[in-house]
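Note sheet for the following structure.
When the chains are written out, they are named A, B, C and D in that same order, and each has its own residue count from 1.
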């Protein structure tokens, strides 16, 4: 069934009735798939009979098309020299963005992880920014994730010789230069052509561990191949409804040397990320959106996130845990635990740990932050099973909202082994590629050194619970709404003002 | 006394001294009623001797004129072909509004219930918006109703097979596709010519129950007639000082198949809704408002709400409950209970349930939100009577401030049987008619499906108290006022900025 | 020493070296007083040799000049017909203000007490507004006074026959149409030429009690004379260092029929009211302010408030209480009690009650609000002396921050006998004279009627502690300061937007 | 090695290859030091071969250059008459600043300590403002320092004879006119050419104690010499890695009559002050910042603060305390204690007291405010050692965020002996020199007098714990993030508005 086509042959199939496209030098017949495309038929039709690779790459995992199209639609190869280049029209908006890219400040002016976000917001394509920055429903949880850290305050110790401070640690037994790992985030090529490879390479240089996402833009093997000898990597797993696919993937990962399997358990269905969904409408002619309603069989209004996740198994259950334990010897960690009851079940099931996480605020709105859940998990697992944390046998991780080494140290003091950081690294490579990620890690390095000294802790083991006051962590305060009439009548006080000097005539 | 008039005859009675008007083809002499009209005499005089139907319809229940005018003022019919059309002057403001209506985004772009409100605010006539959106006094309670939900956070469970999730339930024994009913709200024609019919029809399609309001713009029978076979409806009742009228109405309702009687108990007098009251002044020449002061016997400064509610009995008492139980076999629910003591009295009185509600923040300012009251009611009724909730025999409902399925699920977890939603549906039909209401219900459908999965609950009965943390619900926090001098001196930090590129000469 | 001068004679004394002025037809030599004038010498010199009455009146109690100048400086009378009118230059600013006065909305559009403040702010002279609206230090306490009421929420009761509701009460045994009295505020003529008479007259019409201030712009006797037969009045007393003056004043008051003596105890020295102090600088040439520094012996930078209060006795002590009890049989109440310990002392001293007040936030910054103090006083006096409140023998009052009848009802529920309202009435007469005050009382009347019904209370005695939840009253919350970098990166969500319609060519 | 050079000789060494500079009439060869200069090489090269004194002075302690350059680089003296003046180019920005200086309001218009900050912000060079006003990381702690005082409210007492109030006290046995001392802050010449001398002189006039900073712009002896007979001074000590230097300094200080040694223990490494760091980039050509990266061996991106502090010993330890006790008989106080455990250790070590401080929010972000720590220290030291506070033997001080005498009185009530005030005095002399500091002290004087009276306390010993309610002090509240969609839909209420008067045609 496989032969080599010419550009001209393919160009004849450029209509809704017969629609062929080229991706990475292969030809596919997507006519029947058009109405099912989660991203809408319109965008495919734009490339009907043409090479769609450049458009396809950043928003699909590499094997998306081969996995989703039946084999008989894989028509064959194409002689790329015969294909007419798709003329890329550079919009005014894109030109302005290119201008902003040219104006990025030098990395030396980037002083903290917030800066990467401020820059990324200006230099990323709007759609990519929307995908990375959006979160569930009213986006309260994503903000709470960061805010929760501000309810924890330090009780630092003084007069300890802090000339030498060491914030290296072990994560699942593997050395890490800091109690931080790069957590899994999808679709890296939206931000940078090298996608997640930026993370792999920077992680190698700085001695931290990267968690490879199932939904990476780069293929799993590319990311493993890019690791230097001895560089540890973890795998984040979305479990496929077809367990054989999952089994193959997990066992392949173990064979390739992956050191830990993080099964995502907070996403049986992906959350509504309305900023991302809204972006779609902006990009199309509103009139057609309405008309298309009849023609497409799939709800296209769900944004990039859902488009790529339909394979995820909604049926995953505690009963599946022994099966995972039977197919791999990697330590298994549940990613997305949100209450102590499930942390206890994970412990009792013999797992290696849990990530206390609400998926960066992208799944269930009003799920509590990881740092808040950590406090109850530590309390209850001590009460129920006599565990002390941090604990080598059953490790607690948190992620979400971390922007400073001080955030990380709060989590460590409260019992976490390490903390996952995601978006800041995305923003770093979206702005500066691998250099950005390295600089981000260097900033964390500098902050750890300073904060360890100021806390009076020479090693991670000296970061103890007494060093923080987390007594306000469970407060979910919403102020009584303002009395606008009263306060609009109130006239603010003013400071002394400079004298006005009247010009002389 | 009843005969048929010509337009010309009627047109002769167009002054304050003799003022006749036409409504729905009938002629009325309203001369003596002029100074008593809650909406002021001016607006009636504008239609003196003419057909006032178009102006009358949206802001009066259908039988307002027949009920309020003595029979001898019902002069007879009119041959409408002989009546001159009232020339409607379209103001610039109205033209701009019509333009905005034309620009409404397609329904596919409406992603959540908030969107309807944002659109309704732009496409509704200003007066209608004021009536729907206004609330009591400083409008703190209306905002608190929503804010209170944000003090409740989820404790979701993982690794449960959530392939099939089912959020259907029973309300007073009747099946409902979701734990939500359309609660009663007045004057639907202010927002859309079909008024509450939009709700009836959409409710039928989506399998939810509509509560018919006493003060509907459509007549009770119209709304019952519009129901499809098997479609359940409830009735909201304002009790009339004349109990015979109430008795007739209730027994008629039961005969027509109404399945539940919700007696409003939080509105012996309607609240001050100052936005609504303020609207009146905008609409008239301020000079005349002052002058009219002497002429009108009625305080016209009370807005649309009070204008239509003077019949409500301020003397309603617990002693009347047995009488209600004697005139109907419908389950009786009190709507507007605001503390556990009254919930307990209702239970002891043998009623079927209570709606914990502060009337959408439109009645007593600083009455607590339904979701907050729910927590104390569940605690105390367990303590005093050993009841567990949700409870089939004595059902708890809440309303006010709900905008997301997640809000509903919090109430269910805390013990409610179902939640009433009002304004969002008003805004939906004010923006898009019946389609809007259907789309609103579809959005809730999608949100329920997702949230059930993310909570790890397959059925409503799996939504348990342990799934929420409501420990901050009773906190009524107002921050210490800001130190303006101190904080105005503080200069906010700034992120790294793009370099400025100087143009080359 | 007293003779009659001509305007011409007086006009010769118009310099710093010899400065005479006319006030109310009398001539005074103020040459030596110039450097001691709390308001600065400049303003007096402006009227040197002229009639200063119009300037003098609003900002001085009537007898200020006679009390402060030694008798030998009271030169005699003047034949006013011989005095040249002081030409009043109307500034552009004043013209604009007169224009705004003409544009005041009719009273029917004033819906709540906030409205008076909004209007007063626009129609009052800036200095007068500054004096009335200013408060101590950073003006946190004045705002807290109102905010504290928002930490108290209602628990209303339903199904009580509220056809007849009655919110009249007794204050110190005297009937009052509502549980509100007009509390004492100084310098009423700053806002209106009739000053406090506006309050006396309106109080008569509405059956409420006025507390006459020591520092009224009108004389005490004027205010008593203006009362109608049977109209009760109280007296607020600043105690003079010269106790004979106080004794004379108190005994005169009792003779004139005053029914209660409220001794101010929270103002041994008047607070810093910087808005008021700042106003002074605005009004003068800054260069001269600097130069004058050397010449004036008095710190002029203290605003109107301190200028008029130097006589107040800083030595007032509990030991003086028996003396007060010996010179009058009027019930004695301490105004300005701020903790339970002092309320207990007052009770033990046999006094008739206390006003829990921080002087409208004008004295000690960060003193708690009256409504907050009320909660601890009621608790502790029950614990220590077995008292129940409201209590006829020992009455508790609160003032500060009240704007709605619902605020008053919260205080009543918590144990107060009545509530003092000050600024809102000042703003009412500053905007509309006596009519304004009457309308303000009418608004409170309407709000009481509605709120009593909605609370389910037919009489004041049915307003019980269980009707409020004040559990958050002692919370003095200040949020952790915002993370500006994080939140400036966050991009707010947006609602669906209207489509943009491109104009057709 | 020391001879006298001519300007011409020196001018020959004006390149990166050979770079000499003149400071205070001495010549230094800084060629090898260029890449190590914490402030970057660029700024030195600007003065290569020239007199750098004017640039050097404000941002270096006087002996910085002699201490940091090896003796062989101290080339000798210069005949200043032969040196060409460095032409100072006055930028437009500087001209605008000079204009603003001319417009400063007279001191009589400065009503509170906030005013100095408002003025300083406008009249200081931007870099100097950044250095003084910046703080650690996200600058949350600096703001919390002030905010924490607002969680403490007064419970004032009445009817005490407060004619005479006296707020003088003793600090470490030395008389002070108020319970306030001028705490140590670095680099005073950034704000004013007289630097810390402004403080010494004003302290003398007002009878308060100045703490001399190690990093003063003026030399230690200058500041001691400027004291009047009997004027007490303390010394703040940064401990040098070379303990001999420290020993010499401490013993010299004792000999010169210093009365207390405050050892800074919260700054083993100086905090990141990003506003200060950011300022550097503004000041240079961004392109060069990038290029320079390779050339400099030192991280120049650390701002003024770190540049001058590399000598501070990171190894300081409790074990060093006996050594300090062996080299001086001055009372020793630890400055920067942040939890009760360390206060207890200090007490047990026989020290004279501790300053509860987080270094003005400039060191560890999220370290609690001094006023909050005070509450736990007083509680725990009573529990563990039976101590009562204030305590002569072991004195507690706090600093950070103080702007009003009322802030000070809260600390006194809670157990502090005195309170350190820093930035406000810096802003005072940066705006008005010594006069500014005196006026600031006079403002505090006036505020103490008033507040003592209003509190009902005649002496400091009458300021007791019962006078404050600090029950909210440990609350670290962060509100749940706002629901932007909901609240953007909410339309604020409006007050009654003035009528619009249409112009007559």
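Basically, a residue touches a chain if its C-beta (ideal position, glycine included) is under 8 Å from a C-beta of that chain, and two chains touch if they have at least 3 such contacts.
Protein identities per chain, from UniProt: A, B, C, D = L-lactate dehydrogenase (cytochrome).
Keep in mind it's a predicted model, so treat the numbers as computed, not measured.
**Q** Please state whether the interface between chain C and chain D is built from the same residues or different ones, using more than half shared residue numbers as the mark of same.
**A** different
**Q** Rounded to a multiple of 5, how large is the rotation, in degrees, that superposes the C-alpha trace of chain A on chain B?
**A** Fitting chain A to chain B on C-alpha atoms yields 90 degrees.
**Q** Would you kindly tell me how far, in whole Å, the mean C-alpha position of chain D lies from that of chain A?
**A** Going by mean C-alpha positions, chain A sits 42 Å from chain D.
**Q** Which parts of chain D, given as residue numbers and ranges, touch two or more other chains?
**A** Answer for chain D, listing residues that touch two or more other chains: 105, 109, 111-112, 114, 117-118, 138-140, 143, 147, 150-151, 274, 278, 286, 475-480, 483-486, 488-489, 493, 495-496, 499.
**Q** What does chain D use to touch chain B in their complex?
**A** Interface residues on chain D, with respect to chain B: 112, 114, 117-118, 121, 133, 138-139, 143, 146-147, 150-151, 274-275, 278, 286, 403, 477, 480, 483, 485-491, 493-494, 496, 499.
**Q** Quick check: in the complex, which residue numbers of chain D touch chain A?
**A** Residues in contact with chain A: 100, 102-105, 109-111, 114-115, 117-119, 122, 137-138, 140, 265-269, 271-272, 274, 277-278, 281, 286, 289-290, 293, 301, 314-318, 320-321, 334, 336-339, 341-342, 345, 363-368, 474-486, 492-493, 495.
**Q** Spell out the residues on chain C that touch chain B in their complex, using ranges where they run on.
**A** Residues in contact with chain B: 105-106, 108-109, 111-112, 138-140, 143-144, 147-148, 150-163, 404, 406, 410, 446-447, 449-451, 453-455, 466, 469, 471-472, 475-479, 484-485, 488-489, 495-501.
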